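Heads up: the structure comes next, in structure tokens.
For reference, chains read A, B, C and D in written order, and residue numbers begin at 1 within each chain.
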Amino acid sequence: MASEHTSNRRDSWRSKLHEIIFEADTPAGRRFDIILLWAIVVSVLAVILESVPYFSLNYGEVLWAVEWFFTILFTIEYIVRILSVKRPMNYIFSFFGLVDLLSILPSFLGLYFVDTSSLRVIRILRLMRIFRVLKLIGFLSQARTLRDALIASKQKIMVFLLAVTILVVVLGTVMYIIESPESGFTSIPRSIYWAIVTLTTVGYGDIAPVTALGQAVASLVMILGYAIIAVPTGIITSEIVRNDVTSSNTQSCPSCSREGHDDDAEFCKYCGEKL
Amino acid sequence: MASEHTSNRRDSWRSKLHEIIFEADTPAGRRFDIILLWAIVVSVLAVILESVPYFSLNYGEVLWAVEWFFTILFTIEYIVRILSVKRPMNYIFSFFGLVDLLSILPSFLGLYFVDTSSLRVIRILRLMRIFRVLKLIGFLSQARTLRDALIASKQKIMVFLLAVTILVVVLGTVMYIIESPESGFTSIPRSIYWAIVTLTTVGYGDIAPVTALGQAVASLVMILGYAIIAVPTGIITSEIVRNDVTSSNTQSCPSCSREGHDDDAEFCKYCGEKL
Amino acid sequence: MASEHTSNRRDSWRSKLHEIIFEADTPAGRRFDIILLWAIVVSVLAVILESVPYFSLNYGEVLWAVEWFFTILFTIEYIVRILSVKRPMNYIFSFFGLVDLLSILPSFLGLYFVDTSSLRVIRILRLMRIFRVLKLIGFLSQARTLRDALIASKQKIMVFLLAVTILVVVLGTVMYIIESPESGFTSIPRSIYWAIVTLTTVGYGDIAPVTALGQAVASLVMILGYAIIAVPTGIITSEIVRNDVTSSNTQSCPSCSREGHDDDAEFCKYCGEKL
Amino acid sequence: MASEHTSNRRDSWRSKLHEIIFEADTPAGRRFDIILLWAIVVSVLAVILESVPYFSLNYGEVLWAVEWFFTILFTIEYIVRILSVKRPMNYIFSFFGLVDLLSILPSFLGLYFVDTSSLRVIRILRLMRIFRVLKLIGFLSQARTLRDALIASKQKIMVFLLAVTILVVVLGTVMYIIESPESGFTSIPRSIYWAIVTLTTVGYGDIAPVTALGQAVASLVMILGYAIIAVPTGIITSEIVRNDVTSSNTQSCPSCSREGHDDDAEFCKYCGEKL
């Protein structure tokens, strides 16, 4: 009886913790999310600044302190998260569970190994945790139209990317034959890299054709890239326009049963019946 | 009585000045705006030319004269503006009031301080005054569709920019680990800068990957950038198309006088009255 | 009587010539246009090749012969055009009349002056004559939708270009203050040039920021450019979409008088009446 | 009689082979296509890696073995294809027949000639064979909307490309006159190449204007390019949006069985039958 009571008490304490940490409906949960958001941003900024020689030399100790402050904070948060869920294993091996672990582990590993610069950079993955907070706060409801448009046009984009891939392989190989290695086209992969740089209109200029024939082919590639950049834009625009139109309203008139009313319509625009 | 008369006379003189300077309904006001427009353009050109060594050496005195001519002109205009409004303080601390002050102050400060080159460049802010003239002339009514489309898609663009920000931070960090500092990836901020330069397809080429793995990742970034440039275009195009469609019908309801009906509507969607 | 007869004969001879040269309705006129098209393309190619040192050294005489062959051909054509119109002066001072003159004049001037290399390049204007031929052949009817879309969105594009102009002047000035002259920002005009190169995502890399603050501002400029490139695309797409929709069909049903039928519709889609 | 039986047996054996190799309806045919797809990808990867000095030096023998394995495999496949069709000549001289031959021939020619590096690269054409497999698997049904949109806007795109061509020739010539050869504008073709690089916003930076006038003209070219990139995007987007709209309704008329009715159609627009 006493044991049951304890169990109940522990459960209520756990569910309350769960509400604060994993949800954003209560004021406490909302507050927690906002604090977490700032902690993530500040700790990521610390990781970024640490990579700049100027800051690591002059403010190394401050950054070290900030880093450990947030590592300990996130470690506590990680332990509390494990305690607050009913099935800890499910959380630990979930996507966000692994991200949470990866964002604290490198700091601890840094205590045992000497050169962990590239290991510690993994902490930048903390940034992924922003998505969890955003999900909770409901900010991402705005992102739904975008996501839907991208998902709906997924297959068309796949076909487009496949065509682009074949195109850059063929164009890269053509340029590898035409241009001499001196101008940077030393191998087919590098020539494919050049074709991508050109077709996407990035154009670094580290590899650029110097022969007349090469420049003629490059001109064709550019105008091609200029024309086909229109394709993904067309696909996604069309999808967003359609979503806007179809998602406007699904209400049908009780009298004539016709649909297509605006969101602010109070009367059927076809028969004048009240909606 | 005399005092009142004077006050009335002063008021009518003030309101007439106000009409000319702050409005564009009368021929005099319109003339004033056109003169102001040219004065702004010429004085900004003088500031720009002054920064070119060739012109500041050979035509320094001419530019000095032009500069002071417009500074005195704008100073007179500023004083007249203060005189012509009923509550001078409201004007002085308004956005355009501060811009007006900032566009004359640097020249006067240049009399007391020796090296004011970067200070004097602030005068380029005079350019902002063009917006006031345009606002008056009514030219900006054309800009409304654009502004509405941008405002309506503000939240979607925010989500898009947030996603792009997280993307460039992660991609920049990945490239910082992959590439050696010799090729320009000396710190995470510089690598993020590279990611932005690449994702937006600007591609200076001052920082460019040299390793095979780095070029492979860069290729992915470019094709990604190529695909996601379609998203803001889709958002804004969709918004402009929608605005065009909804604003096409200007019919107003004979009963409730509200507008915004579809082209195929036969009854008012707000009150059910036959259109 | 004899004179009148001669005049009539001359007139009929002139009107026949006019038909061949200025119109494209008859087989002869069509043949003339196609020959002219090829003559323009070949002579322009000769001008282009002449500018390449390799060709001017090795095939100088061939190019010289080609050049004079087409110059004499175009001169004869020019004289015949003058003879075939009723009011020669109207033709001579028309846009295409001046283009015709400019495309033969430089070659003759080259006989009297020694260094006419830049003068002779003017002959490239012959390319403009292609538009006349295209206009005649009726090829440009396809271009009408494009032209209409551009004209309809002219004012919005003007507002957009004005905003971009003010933006690049302000951004260029900001970068001129932030960056040192060593990295290429030697004057405000050059900095404005950089801002245009960056905002349009061209990105040569001849001028690129090197300081941290400069790169941060440049990043903002790029993301801005990335976002606002969507605006002209949105304007023109919206215009083309609207043109497509409204120009689809203006036929109204004889029974219920409703419009919006497809081009291939044979029966009214609302009441089933034959169109 | 025996001969006829043999012929029948051979025919059934041939038609079964044909079904597996040329079609994708049966499980065997589908399996064959998937194996072929992987064989193409792996053999193309081998050709690409062979061009990299590192791989050709260290793994030359492995690549040689892989190459001959696939060459023999594709040779067997080629012979079987010839055997399985009724009219071998039709297959051999068809587009895919020639691609199949070109993808094995270079390896055999390499046995007789010494320096065949550029010849052997032709094997990359094997990549084209992917399209055949995709066609069979039915993956390309998704590509139809894209293809239709491109075909429907073919003429508009032609007009656009013609205008762009004339534009870059004129702009290139103007820059050739303005800029000195030292900055890279050594001939008109090179200047045209620069104009294309700039107008398409690629911007390598290998040729860039250095004079003030040249940079001013270049700025105009960039802003022009910025504006006209909107045109192909608008054309294709408009086409995809229209296709989406017209293809959304799949209702067919009960009387004449034709499709393509609008969503709000109540009567068949071809025969007037009630839908």
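Going forward, a residue touches a chain if its C-beta (ideal position, glycine included) is under 8 Å from a C-beta of that chain, and two chains touch if they have at least 3 such contacts.
Since we're looking at a predicted model, the values are computed, not measured.
By residue number, the contact pairs of C-D overlap by more than half with those of exactly one pair in B-D, A-C or A-B, and this pair is A-B. The chain with its Cα centre farthest from the Cα centre of subunit B is D. A straight line joining the Cα centres of subunit A and subunit D is 31 Å long.
Between the CA-based centres of subunit B and subunit D the separation comes to 44 Å, rounded to the whole angstrom.
Residue positions of subunit B touching 2 or more other chains, listed in rising order: 189, 192, 201-205, 229, 233, 235, 237, 241, 264. Across the interface of their complex, subunit A is touched by residues 155-156, 158-160, 162-163, 166, 169-170, 173, 176-177, 186-189, 192, 198, 201-205, 208, 212, 215-216, 218-219, 222-223, 225-227, 229-231, 233-235, 237-238, 241-242, 260-262, 264-274 of subunit B. Remark: subunit D residues 44, 47-49, 51-53, 118, 121, 124-125, 127-128, 130-131, 134, 139-140, 142-143, 145-146, 149-150, 157, 161, 164, 189-190, 192-193, 196-197, 199-206, 229, 232-233, 235-237, 239-241, 244 touch subunit A in the complex. Against subunit A, the residues of subunit C that register as touching in their complex are 201-205, 233, 237.
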